[in-house]
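There are two complexes below, and they share chain A, which is joined by chain B in the first and by chain C in the second.
Coming up: the complex of A and B.
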(Lines of atoms letter the chains of each structure in order from A and count residues from 1; the text may use other names and numbers.)
(Lines give C-alpha, C1' and ligand atoms only; values in the text may rest on other atoms or scores of the structure.)
Protein backbone atom coordinates (compact mmCIF):
# COMPACT_ATOMS: atom_id res chain seq x y z
CA UNK A 1 0.00 0.00 0.00
CA UNK A 2 1.49 3.38 -1.03
CA UNK A 3 0.48 6.33 1.14
CA UNK A 4 0.34 9.67 -0.69
CA UNK A 5 3.44 11.88 0.18
CA UNK A 6 2.88 15.10 2.07
CA UNK A 7 4.44 17.82 -0.04
CA UNK A 8 4.76 21.54 0.54
CA UNK A 9 2.63 22.70 -2.29
CA UNK A 10 1.34 26.19 -3.07
CA UNK A 11 -2.09 27.06 -1.82
CA UNK A 12 -4.99 26.39 -4.11
CA UNK A 13 -5.18 29.12 -6.74
CA UNK A 14 -1.50 29.79 -6.66
CA UNK A 15 0.44 32.55 -5.04
CA UNK A 16 -0.41 36.17 -5.53
CA UNK A 17 1.70 38.26 -7.86
CA UNK A 18 4.80 39.89 -6.25
CA UNK A 19 4.80 43.66 -6.94
CA UNK A 20 8.29 44.59 -8.08
CA UNK A 21 7.62 47.55 -10.36
CA UNK A 22 8.70 51.03 -9.16
CA UNK A 23 6.13 53.28 -7.50
CA UNK A 24 7.34 56.85 -8.01
CA UNK A 25 6.20 59.71 -5.79
CA UNK A 26 3.22 61.77 -6.66
CA UNK A 27 4.28 64.90 -8.58
CA UNK A 28 2.36 67.92 -7.39
CA UNK A 29 4.36 70.45 -9.40
CA UNK A 30 6.77 69.87 -12.18
CA UNK A 31 10.20 71.46 -12.38
CA UNK A 32 9.24 74.58 -14.33
CA UNK A 33 6.46 75.39 -11.86
CA UNK A 34 8.85 75.18 -8.95
CA UNK A 35 11.44 77.47 -10.56
CA UNK A 36 8.73 79.90 -11.57
CA UNK A 37 7.38 80.01 -8.03
CA UNK A 38 10.91 80.65 -6.71
CA UNK A 39 11.44 83.52 -9.11
CA UNK A 40 8.05 85.02 -8.33
CA UNK A 41 8.44 84.88 -4.58
CA UNK A 42 12.00 86.27 -4.79
CA UNK A 43 10.85 89.19 -6.92
CA UNK A 44 8.15 90.08 -4.44
CA UNK A 45 10.57 89.84 -1.54
CA UNK A 46 13.14 92.02 -3.28
CA UNK A 47 10.50 94.67 -3.81
CA UNK A 48 9.53 94.67 -0.13
CA UNK A 49 13.21 94.86 0.84
CA UNK A 50 13.67 97.83 -1.46
CA UNK A 51 10.82 99.74 0.17
CA UNK A 52 12.16 99.02 3.65
CA UNK A 53 15.66 100.06 2.60
CA UNK A 54 14.36 103.42 1.40
CA UNK A 55 12.68 103.97 4.74
CA UNK A 56 15.86 103.12 6.62
CA UNK A 57 17.89 105.52 4.47
CA UNK A 58 15.40 108.29 5.21
CA UNK A 59 15.69 107.65 8.93
CA UNK A 60 19.49 107.62 8.78
CA UNK A 61 19.56 110.90 6.90
CA UNK A 62 17.35 112.50 9.52
CA UNK A 63 19.45 111.20 12.37
CA UNK A 64 22.63 112.40 10.72
CA UNK A 65 21.19 115.85 10.09
CA UNK A 66 20.11 116.19 13.68
CA UNK A 67 23.53 115.13 14.92
CA UNK A 68 25.36 117.55 12.60
CA UNK A 69 23.12 120.35 13.74
CA UNK A 70 23.54 119.69 17.45
CA UNK A 71 27.20 118.69 17.69
CA UNK A 72 28.76 122.19 17.44
CA UNK A 73 26.54 123.50 20.19
CA UNK A 74 27.27 120.60 22.49
CA UNK A 75 31.00 120.86 21.92
CA UNK A 76 30.89 124.62 22.48
CA UNK A 77 29.07 124.09 25.76
CA UNK A 78 31.67 121.59 26.83
CA UNK A 79 34.47 124.03 26.03
CA UNK A 80 32.70 126.79 27.92
CA UNK A 81 32.37 124.62 30.98
CA UNK A 82 36.02 123.69 30.70
CA UNK A 83 37.13 127.32 30.59
CA UNK A 84 34.91 128.21 33.52
CA UNK A 85 36.48 125.44 35.54
CA UNK A 86 39.98 126.60 34.64
CA UNK A 87 39.14 130.11 35.82
CA UNK A 88 37.74 128.74 39.09
CA UNK A 89 40.95 126.77 39.54
CA UNK A 90 43.07 129.86 39.05
CA UNK A 91 41.10 131.87 41.60
CA UNK A 92 41.21 129.01 44.07
CA UNK A 93 44.93 128.71 43.61
CA UNK A 94 45.36 132.42 44.30
CA UNK A 95 43.41 132.01 47.55
CA UNK A 96 45.22 128.85 48.56
CA UNK A 97 48.81 129.90 48.00
CA UNK A 98 48.68 133.54 48.98
CA UNK A 99 50.86 133.06 52.04
CA UNK A 100 53.53 130.91 50.40
CA UNK A 101 56.74 132.86 49.81
CA UNK A 102 57.83 132.88 46.19
CA UNK A 103 54.67 131.50 44.67
CA UNK A 104 53.29 133.24 41.58
CA UNK A 105 49.90 132.05 40.39
CA UNK A 106 50.32 129.99 37.23
CA UNK A 107 54.01 129.23 37.69
CA UNK A 108 56.09 126.93 39.80
CA UNK A 109 57.55 129.18 42.50
CA UNK A 110 58.00 131.98 40.01
CA UNK A 111 59.42 129.82 37.23
CA UNK A 112 57.02 129.84 34.25
CA UNK A 113 56.06 126.52 32.80
CA UNK A 114 57.16 127.15 29.22
CA UNK A 115 60.35 129.12 28.77
CA UNK A 116 59.98 130.06 25.12
CA UNK A 117 56.31 131.02 25.17
CA UNK A 118 54.77 134.26 26.46
CA UNK A 119 53.66 134.24 30.06
CA UNK A 120 49.94 134.18 29.29
CA UNK A 121 50.24 131.31 26.84
CA UNK A 122 47.37 128.92 27.53
CA UNK A 123 48.33 125.46 26.36
CA UNK A 124 44.92 123.82 26.32
CA UNK A 125 46.24 121.03 24.11
CA UNK A 126 47.92 119.16 26.90
CA UNK A 127 45.68 119.60 29.90
CA UNK A 128 44.34 116.62 31.76
CA UNK A 129 41.98 115.65 34.54
CA UNK A 130 44.91 116.06 36.94
CA UNK A 131 45.00 119.77 36.23
CA UNK A 132 41.25 120.24 36.29
CA UNK A 133 40.61 118.38 39.54
CA UNK A 134 43.68 119.61 41.40
CA UNK A 135 41.52 121.26 44.06
CA UNK A 136 39.16 118.31 44.48
CA UNK A 137 39.69 114.97 46.08
CA UNK A 138 40.94 111.86 44.35
CA UNK A 139 37.54 110.19 44.15
CA UNK A 140 36.08 113.07 42.15
CA UNK A 141 38.83 112.82 39.58
CA UNK A 142 38.52 109.05 39.30
CA UNK A 143 34.77 109.24 38.75
CA UNK A 144 35.29 111.62 35.85
CA UNK A 145 38.12 109.62 34.35
CA UNK A 146 36.05 106.46 34.57
CA UNK A 147 33.14 108.18 32.88
CA UNK A 148 35.35 109.26 30.03
CA UNK A 149 36.88 105.83 29.72
CA UNK A 150 33.46 104.32 29.12
CA UNK A 151 32.25 107.11 26.82
CA UNK B 1 65.15 117.56 42.01
CA UNK B 2 68.06 115.54 40.65
CA UNK B 3 65.85 112.68 39.54
CA UNK B 4 63.99 114.95 37.12
CA UNK B 5 67.08 115.56 34.99
CA UNK B 6 67.00 112.35 32.97
CA UNK B 7 68.65 112.56 29.58
CA UNK B 8 66.30 110.33 27.68
CA UNK B 9 66.69 109.92 23.91
CA UNK B 10 63.63 111.77 22.76
CA UNK B 11 64.12 110.99 19.08
CA UNK B 12 65.21 107.44 18.36
CA UNK B 13 67.61 107.22 15.42
CA UNK B 14 69.16 104.07 13.97
CA UNK B 15 72.70 103.12 14.86
CA UNK B 16 74.12 103.11 11.31
CA UNK B 17 72.87 105.68 8.86
CA UNK B 18 72.33 104.22 5.40
CA UNK B 19 69.88 105.12 2.63
CA UNK B 20 67.85 102.13 3.76
CA UNK B 21 67.50 103.41 7.29
CA UNK B 22 66.71 106.87 5.98
CA UNK B 23 63.48 105.52 4.53
CA UNK B 24 62.03 104.61 7.90
CA UNK B 25 64.24 106.65 10.15
CA UNK B 26 61.74 108.98 11.75
CA UNK B 27 59.11 106.50 12.85
CA UNK B 28 58.93 107.48 16.51
CA UNK B 29 58.05 111.10 17.03
CA UNK B 30 55.43 113.35 18.55
CA UNK B 31 53.70 114.35 15.34
CA UNK B 32 50.92 111.81 15.12
CA UNK B 33 49.46 112.34 18.57
CA UNK B 34 50.44 115.92 18.29
CA UNK B 35 49.78 117.55 21.60
CA UNK B 36 53.49 118.38 21.69
CA UNK B 37 54.05 118.47 17.94
CA UNK B 38 54.86 122.15 17.70
CA UNK B 39 57.36 121.97 20.55
CA UNK B 40 59.07 119.05 18.91
CA UNK B 41 59.27 120.79 15.55
CA UNK B 42 60.91 123.87 17.05
CA UNK B 43 63.41 121.74 18.93
CA UNK B 44 64.26 119.60 15.93
CA UNK B 45 64.79 122.58 13.67
CA UNK B 46 67.12 124.16 16.18
CA UNK B 47 69.06 120.94 16.66
CA UNK B 48 69.31 120.46 12.91
CA UNK B 49 70.77 123.94 12.53
CA UNK B 50 73.34 123.63 15.29
CA UNK B 51 74.06 119.93 15.29
CA UNK B 52 73.94 117.50 18.16
CA UNK B 53 76.58 118.79 20.58
CA UNK B 54 76.27 122.55 20.18
CA UNK B 55 72.51 122.14 19.87
CA UNK B 56 72.24 120.72 23.34
CA UNK B 57 73.72 123.89 24.75
CA UNK B 58 72.19 126.49 22.48
CA UNK B 59 68.67 125.05 22.22
CA UNK B 60 68.40 124.22 25.93
CA UNK B 61 65.18 126.22 26.33
CA UNK B 62 63.47 124.52 23.41
CA UNK B 63 64.52 121.09 24.63
CA UNK B 64 63.24 121.88 28.10
CA UNK B 65 59.91 123.08 26.75
CA UNK B 66 59.50 119.90 24.73
CA UNK B 67 60.35 117.86 27.81
CA UNK B 68 57.85 119.85 29.83
CA UNK B 69 55.12 119.21 27.29
CA UNK B 70 55.84 115.49 27.18
CA UNK B 71 56.42 114.68 30.82
CA UNK B 72 54.52 117.52 32.53
CA UNK B 73 57.26 117.84 35.12
CA UNK B 74 56.57 121.35 36.38
CA UNK B 75 52.82 120.97 36.08
CA UNK B 76 52.87 117.84 38.20
CA UNK B 77 55.10 119.43 40.81
CA UNK B 78 52.78 122.43 40.91
CA UNK B 79 49.82 120.16 41.51
CA UNK B 80 51.63 118.27 44.24
CA UNK B 81 52.66 121.51 45.96
CA UNK B 82 49.08 122.77 45.91
CA UNK B 83 47.70 119.49 47.24
CA UNK B 84 50.25 119.34 50.04
CA UNK B 85 49.55 122.93 51.02
CA UNK B 86 45.83 122.23 51.10
CA UNK B 87 46.30 119.18 53.30
CA UNK B 88 48.62 121.10 55.63
CA UNK B 89 46.09 123.89 56.01
CA UNK B 90 43.29 121.41 56.69
CA UNK B 91 45.27 119.59 59.34
CA UNK B 92 46.21 122.86 61.03
CA UNK B 93 42.57 123.88 61.11
CA UNK B 94 43.03 126.87 58.82
CA UNK B 95 40.51 125.64 56.28
CA UNK B 96 36.81 125.05 56.73
CA UNK B 97 36.36 122.93 53.62
CA UNK B 98 38.92 120.32 52.73
CA UNK B 99 38.28 119.97 48.99
CA UNK B 100 36.42 121.98 46.41
CA UNK B 101 33.62 120.38 44.43
CA UNK B 102 35.06 119.25 41.17
CA UNK B 103 34.27 120.11 37.58
CA UNK B 104 31.20 118.81 35.85
CA UNK B 105 31.56 115.32 34.53
CA UNK B 106 31.29 116.36 30.88
CA UNK B 107 33.60 119.35 31.17
CA UNK B 108 36.61 117.99 29.37
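Coming up: the complex of A and C.
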Protein backbone atom coordinates (compact mmCIF):
# COMPACT_ATOMS: atom_id res chain seq x y z
CA UNK A 1 0.00 0.00 0.00
CA UNK A 2 1.43 3.30 -1.02
CA UNK A 3 0.25 6.56 0.51
CA UNK A 4 0.35 9.38 -1.91
CA UNK A 5 2.85 12.10 -0.93
CA UNK A 6 1.24 15.46 -0.07
CA UNK A 7 3.09 18.72 -0.36
CA UNK A 8 3.24 21.08 2.69
CA UNK A 9 1.19 24.01 1.60
CA UNK A 10 -0.28 27.17 3.22
CA UNK A 11 -3.67 26.77 4.80
CA UNK A 12 -6.58 27.57 2.62
CA UNK A 13 -7.01 31.29 2.37
CA UNK A 14 -3.28 31.89 2.99
CA UNK A 15 -1.20 32.71 6.08
CA UNK A 16 -2.15 35.51 8.53
CA UNK A 17 -0.56 38.85 7.82
CA UNK A 18 2.51 39.68 9.88
CA UNK A 19 1.73 42.88 11.90
CA UNK A 20 4.94 44.76 11.26
CA UNK A 21 3.49 48.26 11.18
CA UNK A 22 4.13 50.55 14.21
CA UNK A 23 1.14 51.05 16.50
CA UNK A 24 1.65 54.49 18.07
CA UNK A 25 0.08 55.32 21.45
CA UNK A 26 -2.89 57.57 21.45
CA UNK A 27 -1.80 61.21 21.75
CA UNK A 28 -3.80 62.98 24.41
CA UNK A 29 -1.70 66.14 24.63
CA UNK A 30 0.88 67.64 22.42
CA UNK A 31 4.19 69.01 23.68
CA UNK A 32 3.06 72.57 24.15
CA UNK A 33 0.10 71.44 26.21
CA UNK A 34 2.34 69.30 28.46
CA UNK A 35 4.84 72.10 29.03
CA UNK A 36 2.02 74.50 29.64
CA UNK A 37 0.45 72.15 32.18
CA UNK A 38 3.84 71.74 33.92
CA UNK A 39 4.30 75.47 34.23
CA UNK A 40 0.73 75.94 35.41
CA UNK A 41 0.87 73.23 38.06
CA UNK A 42 4.27 74.38 39.30
CA UNK A 43 3.11 77.97 39.60
CA UNK A 44 0.07 76.89 41.55
CA UNK A 45 2.21 74.69 43.83
CA UNK A 46 4.65 77.50 44.48
CA UNK A 47 1.74 79.74 45.41
CA UNK A 48 0.37 77.15 47.87
CA UNK A 49 3.88 76.65 49.27
CA UNK A 50 4.19 80.39 49.75
CA UNK A 51 0.91 80.53 51.64
CA UNK A 52 1.87 77.61 53.89
CA UNK A 53 5.29 79.08 54.51
CA UNK A 54 3.74 82.37 55.52
CA UNK A 55 1.44 80.62 57.93
CA UNK A 56 4.28 78.63 59.48
CA UNK A 57 6.40 81.76 59.88
CA UNK A 58 3.47 83.47 61.49
CA UNK A 59 2.96 80.65 63.97
CA UNK A 60 6.65 80.65 64.83
CA UNK A 61 6.54 84.37 65.47
CA UNK A 62 3.50 83.88 67.67
CA UNK A 63 5.25 81.23 69.77
CA UNK A 64 8.32 83.43 70.10
CA UNK A 65 6.13 86.33 71.06
CA UNK A 66 4.51 84.33 73.86
CA UNK A 67 7.93 83.28 75.11
CA UNK A 68 9.19 86.86 75.08
CA UNK A 69 6.10 88.06 76.93
CA UNK A 70 6.86 85.62 79.77
CA UNK A 71 10.58 86.28 79.74
CA UNK A 72 10.73 89.22 82.21
CA UNK A 73 8.79 87.29 84.84
CA UNK A 74 10.99 84.22 84.43
CA UNK A 75 14.20 86.24 84.48
CA UNK A 76 13.10 88.10 87.62
CA UNK A 77 12.42 84.80 89.36
CA UNK A 78 15.66 83.31 88.14
CA UNK A 79 17.66 86.32 89.35
CA UNK A 80 16.33 85.96 92.86
CA UNK A 81 17.10 82.24 92.98
CA UNK A 82 20.53 82.89 91.53
CA UNK A 83 21.40 85.51 94.13
CA UNK A 84 20.17 83.26 96.93
CA UNK A 85 22.46 80.51 95.69
CA UNK A 86 25.41 82.89 95.39
CA UNK A 87 24.97 83.91 99.00
CA UNK A 88 24.67 80.30 100.09
CA UNK A 89 27.84 79.43 98.20
CA UNK A 90 29.74 82.29 99.76
CA UNK A 91 28.68 81.35 103.28
CA UNK A 92 29.48 77.71 102.63
CA UNK A 93 32.93 78.58 101.33
CA UNK A 94 33.61 80.74 104.38
CA UNK A 95 32.59 77.87 106.64
CA UNK A 96 34.55 75.31 104.65
CA UNK A 97 37.79 77.28 104.47
CA UNK A 98 37.79 78.96 107.87
CA UNK A 99 40.70 76.87 109.12
CA UNK A 100 42.93 77.61 106.14
CA UNK A 101 45.24 80.50 107.00
CA UNK A 102 45.44 83.21 104.36
CA UNK A 103 42.31 82.12 102.51
CA UNK A 104 40.11 84.96 101.34
CA UNK A 105 36.61 84.01 100.30
CA UNK A 106 35.94 84.44 96.60
CA UNK A 107 39.61 84.68 95.69
CA UNK A 108 42.58 82.37 95.55
CA UNK A 109 44.54 83.31 98.70
CA UNK A 110 43.68 86.95 98.12
CA UNK A 111 44.41 86.91 94.41
CA UNK A 112 41.29 88.23 92.66
CA UNK A 113 40.01 86.87 89.38
CA UNK A 114 39.95 90.20 87.59
CA UNK A 115 42.56 92.84 88.15
CA UNK A 116 40.98 95.57 86.06
CA UNK A 117 37.40 95.23 87.26
CA UNK A 118 36.15 97.06 90.36
CA UNK A 119 35.94 94.98 93.54
CA UNK A 120 32.18 95.07 93.55
CA UNK A 121 31.91 93.95 89.94
CA UNK A 122 29.27 91.31 89.49
CA UNK A 123 27.27 90.11 86.54
CA UNK A 124 25.61 86.86 85.69
CA UNK A 125 28.09 86.13 82.94
CA UNK A 126 30.99 85.84 85.34
CA UNK A 127 29.53 82.94 87.27
CA UNK A 128 29.23 79.73 85.32
CA UNK A 129 26.88 76.86 85.98
CA UNK A 130 29.72 74.80 87.43
CA UNK A 131 30.57 77.62 89.81
CA UNK A 132 26.99 77.78 90.96
CA UNK A 133 26.93 74.06 91.71
CA UNK A 134 30.41 73.88 93.21
CA UNK A 135 29.21 72.88 96.69
CA UNK A 136 26.46 70.52 95.61
CA UNK A 137 27.15 66.89 94.91
CA UNK A 138 27.72 65.70 91.37
CA UNK A 139 24.52 63.67 91.16
CA UNK A 140 22.29 66.60 92.12
CA UNK A 141 24.02 68.83 89.62
CA UNK A 142 23.61 66.29 86.83
CA UNK A 143 19.94 65.71 87.64
CA UNK A 144 19.31 69.43 87.36
CA UNK A 145 21.53 69.82 84.33
CA UNK A 146 19.83 67.06 82.35
CA UNK A 147 16.33 67.86 83.51
CA UNK A 148 15.31 69.24 80.13
CA UNK A 149 16.16 65.92 78.45
CA UNK A 150 13.33 64.25 80.34
CA UNK A 151 10.66 66.53 78.98
CA UNK B 1 57.67 83.63 82.31
CA UNK B 2 58.38 79.91 82.28
CA UNK B 3 59.09 79.89 85.98
CA UNK B 4 55.90 81.75 86.65
CA UNK B 5 53.96 79.26 84.58
CA UNK B 6 55.53 76.24 86.27
CA UNK B 7 54.86 77.69 89.68
CA UNK B 8 51.22 78.18 88.86
CA UNK B 9 50.86 74.72 87.43
CA UNK B 10 52.58 73.16 90.45
CA UNK B 11 50.69 75.05 93.06
CA UNK B 12 47.20 74.38 91.81
CA UNK B 13 45.52 71.10 91.27
CA UNK B 14 42.30 70.86 89.34
CA UNK B 15 40.04 71.34 92.33
CA UNK B 16 41.79 74.54 93.39
CA UNK B 17 41.58 75.91 89.87
CA UNK B 18 37.92 75.15 89.91
CA UNK B 19 37.47 77.03 93.16
CA UNK B 20 39.44 79.94 91.85
CA UNK B 21 36.63 80.87 89.47
CA UNK B 22 34.11 81.28 92.21
CA UNK B 23 33.78 84.92 92.70
CA UNK B 24 31.43 86.32 95.35
CA UNK B 25 33.61 87.85 98.02
CA UNK B 26 32.54 89.59 101.20
CA UNK B 27 33.18 92.87 99.41
CA UNK B 28 30.20 92.14 97.18
CA UNK B 29 26.92 93.52 98.38
CA UNK B 30 24.53 90.63 98.12
CA UNK B 31 20.86 91.03 98.97
CA UNK B 32 19.62 89.15 101.98
CA UNK B 33 17.42 86.10 101.88
CA UNK B 34 14.36 88.05 103.07
CA UNK B 35 14.83 90.64 100.34
CA UNK B 36 14.80 87.88 97.75
CA UNK B 37 11.83 85.97 99.07
CA UNK B 38 8.61 87.14 97.46
CA UNK B 39 5.49 85.20 96.47
CA UNK B 40 6.33 83.63 93.12
CA UNK B 41 3.97 82.79 90.31
CA UNK B 42 3.31 79.16 91.05
CA UNK B 43 1.80 78.01 87.76
CA UNK B 44 2.47 75.32 85.19
CA UNK B 45 4.00 75.95 81.78
CA UNK B 46 0.66 75.45 80.09
CA UNK B 47 -1.05 78.05 82.27
CA UNK B 48 1.76 80.51 81.75
CA UNK B 49 1.60 80.06 78.02
CA UNK B 50 -2.17 80.35 78.02
CA UNK B 51 -1.96 83.68 79.81
CA UNK B 52 1.23 84.90 78.12
CA UNK B 53 -0.24 87.36 75.64
CA UNK B 54 -2.70 89.00 77.99
CA UNK B 55 -0.20 89.08 80.84
CA UNK B 56 2.41 90.65 78.60
CA UNK B 57 -0.07 93.36 77.67
CA UNK B 58 -1.33 93.86 81.23
CA UNK B 59 2.17 94.13 82.72
CA UNK B 60 3.81 95.79 79.76
CA UNK B 61 5.16 98.78 81.66
CA UNK B 62 6.68 96.75 84.48
CA UNK B 63 8.15 94.22 82.05
CA UNK B 64 9.75 96.87 79.89
CA UNK B 65 11.09 98.69 82.93
CA UNK B 66 12.70 95.51 84.23
CA UNK B 67 14.13 94.41 80.91
CA UNK B 68 15.56 97.86 80.24
CA UNK B 69 17.18 97.93 83.67
CA UNK B 70 18.56 94.44 83.17
CA UNK B 71 19.88 95.31 79.74
CA UNK B 72 21.46 98.58 80.77
CA UNK B 73 23.01 97.62 84.08
CA UNK B 74 23.83 93.96 83.37
CA UNK B 75 23.61 93.24 87.07
CA UNK B 76 20.93 91.11 88.75
CA UNK B 77 21.44 92.87 92.08
CA UNK B 78 20.48 96.30 90.80
CA UNK B 79 17.14 95.35 89.24
CA UNK B 80 15.56 93.52 92.15
CA UNK B 81 12.87 96.12 92.82
CA UNK B 82 11.84 96.12 89.16
CA UNK B 83 11.84 92.33 89.20
CA UNK B 84 9.58 92.25 92.26
CA UNK B 85 7.20 94.61 90.49
CA UNK B 86 7.11 92.28 87.49
CA UNK B 87 6.28 89.25 89.62
CA UNK B 88 3.70 91.17 91.65
CA UNK B 89 2.00 92.35 88.47
CA UNK B 90 1.95 88.83 87.01
CA UNK B 91 0.44 87.50 90.22
CA UNK B 92 -2.17 90.24 90.23
CA UNK B 93 -3.07 89.44 86.64
CA UNK B 94 -3.46 85.73 87.23
CA UNK B 95 -5.55 86.38 90.34
CA UNK B 96 -7.86 88.58 88.30
CA UNK B 97 -8.13 85.89 85.66
CA UNK B 98 -8.92 83.33 88.30
CA UNK B 99 -11.68 85.52 89.62
CA UNK B 100 -13.37 86.33 86.31
CA UNK B 101 -12.34 83.91 83.56
CA UNK B 102 -11.43 80.77 85.46
CA UNK B 103 -13.43 78.27 83.38
CA UNK B 104 -12.33 79.66 80.02
CA UNK B 105 -8.73 79.88 81.13
CA UNK B 106 -8.69 76.32 82.43
CA UNK B 107 -10.29 75.07 79.24
CA UNK B 108 -7.68 76.80 77.11
CA UNK B 109 -4.83 75.59 79.33
CA UNK B 110 -6.14 72.07 79.12
CA UNK B 111 -6.30 72.27 75.35
CA UNK B 112 -2.76 73.64 75.07
CA UNK B 113 -1.45 71.02 77.44
CA UNK B 114 -3.00 68.05 75.71
CA UNK B 115 -2.84 69.01 72.04
CA UNK B 116 0.89 69.08 71.45
CA UNK B 117 4.23 68.52 73.11
CA UNK B 118 5.40 72.09 72.74
CA UNK B 119 2.16 73.80 73.86
CA UNK B 120 1.55 75.18 70.40
CA UNK B 121 -1.19 77.75 69.91
CA UNK B 122 -2.29 76.53 66.49
CA UNK B 123 -4.32 73.58 67.77
CA UNK B 124 -6.46 75.62 70.15
CA UNK B 125 -7.95 78.51 68.21
CA UNK B 126 -11.53 77.83 69.31
CA UNK B 127 -10.81 77.80 73.04
CA UNK B 128 -8.49 80.74 72.50
CA UNK B 129 -11.27 82.79 70.98
CA UNK B 130 -13.51 81.96 73.92
CA UNK B 131 -10.81 83.10 76.36
CA UNK B 132 -10.09 86.25 74.36
CA UNK B 133 -13.72 87.21 74.43
CA UNK B 134 -13.92 86.68 78.19
CA UNK B 135 -10.73 88.70 78.76
CA UNK B 136 -12.06 91.54 76.66
CA UNK B 137 -15.46 91.55 78.32
CA UNK B 138 -14.41 91.13 81.95
CA UNK B 139 -10.89 92.52 82.22
CA UNK B 140 -10.83 94.81 79.21
CA UNK B 141 -7.60 93.34 77.89
CA UNK B 142 -7.48 92.85 74.16
CA UNK B 143 -5.23 90.12 72.82
CA UNK B 144 -2.30 91.81 71.07
CA UNK B 145 -1.55 90.83 67.48
CA UNK B 146 0.62 87.75 67.07
CA UNK B 147 4.01 89.45 66.75
CA UNK B 148 3.47 92.18 69.32
CA UNK B 149 6.12 91.09 71.80
CA UNK B 150 8.70 90.48 69.09
CA UNK B 151 8.71 94.13 68.08
CA UNK B 152 11.21 96.61 69.43
CA UNK B 153 9.61 99.22 71.63
CA UNK B 154 10.55 102.57 73.03
CA UNK B 155 10.15 102.74 76.78
CA UNK B 156 10.21 105.95 78.77
CA UNK B 157 11.61 105.55 82.25
CA UNK B 158 12.45 107.75 85.23
CA UNK B 159 15.58 105.81 86.04
CA UNK B 160 18.64 107.71 84.80
CA UNK B 161 20.64 105.94 82.12
CA UNK B 162 24.05 104.65 83.22
CA UNK B 163 27.09 106.60 82.11
CA UNK B 164 28.70 105.26 78.95
CA UNK B 165 31.82 103.20 79.49
CA UNK B 166 34.85 105.49 79.47
CA UNK B 167 37.34 104.97 76.71
CA UNK B 168 40.38 103.09 77.92
CA UNK B 169 43.64 104.98 78.02
CA UNK B 170 46.78 102.86 77.92
CA UNK B 171 49.94 104.30 79.45
CA UNK B 172 52.29 102.51 77.07
CA UNK B 173 50.37 103.13 73.86
CA UNK B 174 52.47 104.15 70.86
CA UNK B 175 52.24 107.92 70.48
CA UNK B 176 50.51 108.86 67.23
CA UNK B 177 51.32 111.70 64.89
CA UNK B 178 49.82 115.07 65.76
CA UNK B 179 46.65 115.99 63.94
CA UNK B 180 48.24 118.86 62.04
CA UNK B 181 51.04 116.71 60.66
CA UNK B 182 51.32 117.29 56.88
CA UNK B 183 49.56 114.61 54.87
CA UNK B 184 50.74 114.81 51.25
CA UNK B 185 49.11 112.57 48.64
CA UNK B 186 50.66 109.14 48.29
CA UNK B 187 53.75 109.12 46.14
CA UNK B 188 52.84 106.10 44.02
CA UNK B 189 49.05 106.23 44.20
CA UNK B 190 46.81 103.83 45.94
CA UNK B 191 47.40 100.13 46.07
CA UNK B 192 43.69 99.73 45.47
CA UNK B 193 43.85 101.88 42.32
CA UNK B 194 40.88 100.12 40.79
CA UNK B 195 38.68 101.06 43.74
CA UNK B 196 39.67 104.60 44.54
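By definition in this document, the second predicted complex is superposed on the first by the 77 of 151 C-alpha atoms of A that agree within 3 Å, B and C clash if a C-alpha of one lies under 4 Å from a C-alpha of the other, contacts with A are read in each partner's own complex, and residues count from 1 in each chain.
The rule we apply is simple: a residue touches a chain if its C-beta (ideal position, glycine included) is under 8 Å from a C-beta of that chain, and two chains touch if they have at least 3 such contacts.
Please read all numbers here as calculations on a predicted model, not as lab measurements.
Asks: So in the superposed three-chain picture, is A:82 touching just chain B, just chain C, both, or none of them (first/second/both/neither)?
Replies: Once the two structures are laid over each other on A, A:82 reaches both partners.
Asks: After superposition on the shared chain, which partner residues are touched by A:143: those of chain B (first), chain C (second), both, or neither?
Replies: First partner only, chain B.
Asks: After superposition on the shared chain, which partner residues are touched by A:123: those of chain B (first), chain C (second), both, or neither?
Replies: A:123: touches chain B and chain C.
Asks: On the A-aligned overlay, A:100 touches which partner chain: chain B = first, chain C = second, or both, or neither?
Replies: So A:100 only meets chain B here.
Asks: Name the contact category of A:131: first (chain B only), second (chain C only), both, or neither.
Replies: Both partners.
Asks: Just checking: does A:113 make contact with chain B only, chain C only, both, or neither of them? Give me first, second, both or neither.
Replies: both
Asks: In the superposed view, which residues of chain A touch chain B and also chain C?
Replies: 82, 93, 107-108, 113, 123, 125-128, 130-131, 134
Asks: Using the touch definition from the top, list the residues of chain A that touch chain C in their complex.
Replies: Against chain C, chain A makes touches at 58-59, 61-73, 75-77, 79-80, 82-84, 86-87, 89-90, 93-94, 104-108, 112-113, 119-120, 122-128, 130-131, 134.
Asks: Could you please specify the touching residues of chain A with respect to chain B in the complex?
Replies: 78, 81-82, 85, 88, 92-93, 96-97, 100, 103, 107-109, 111, 113-117, 123, 125-137, 140-141, 143-144, 147-148
Asks: How about chain B: which of its residues touch chain A in the complex?
Replies: Per the stated touch rule, the residues are 35-36, 42, 61-62, 64-65, 68-69, 72, 74-79, 81-83, 85-86, 89, 98-108.
Asks: Going by the contact rule set out above, which residues of chain C touch chain A in the complex?
Replies: Touch list, chain C to chain A: 12, 16, 18-33, 36-38, 40-41, 48-49, 52-53, 55-56, 59, 62-63, 66-67, 70, 74-77, 79-80, 82-84, 86-87, 90, 118, 120-122, 146-150.
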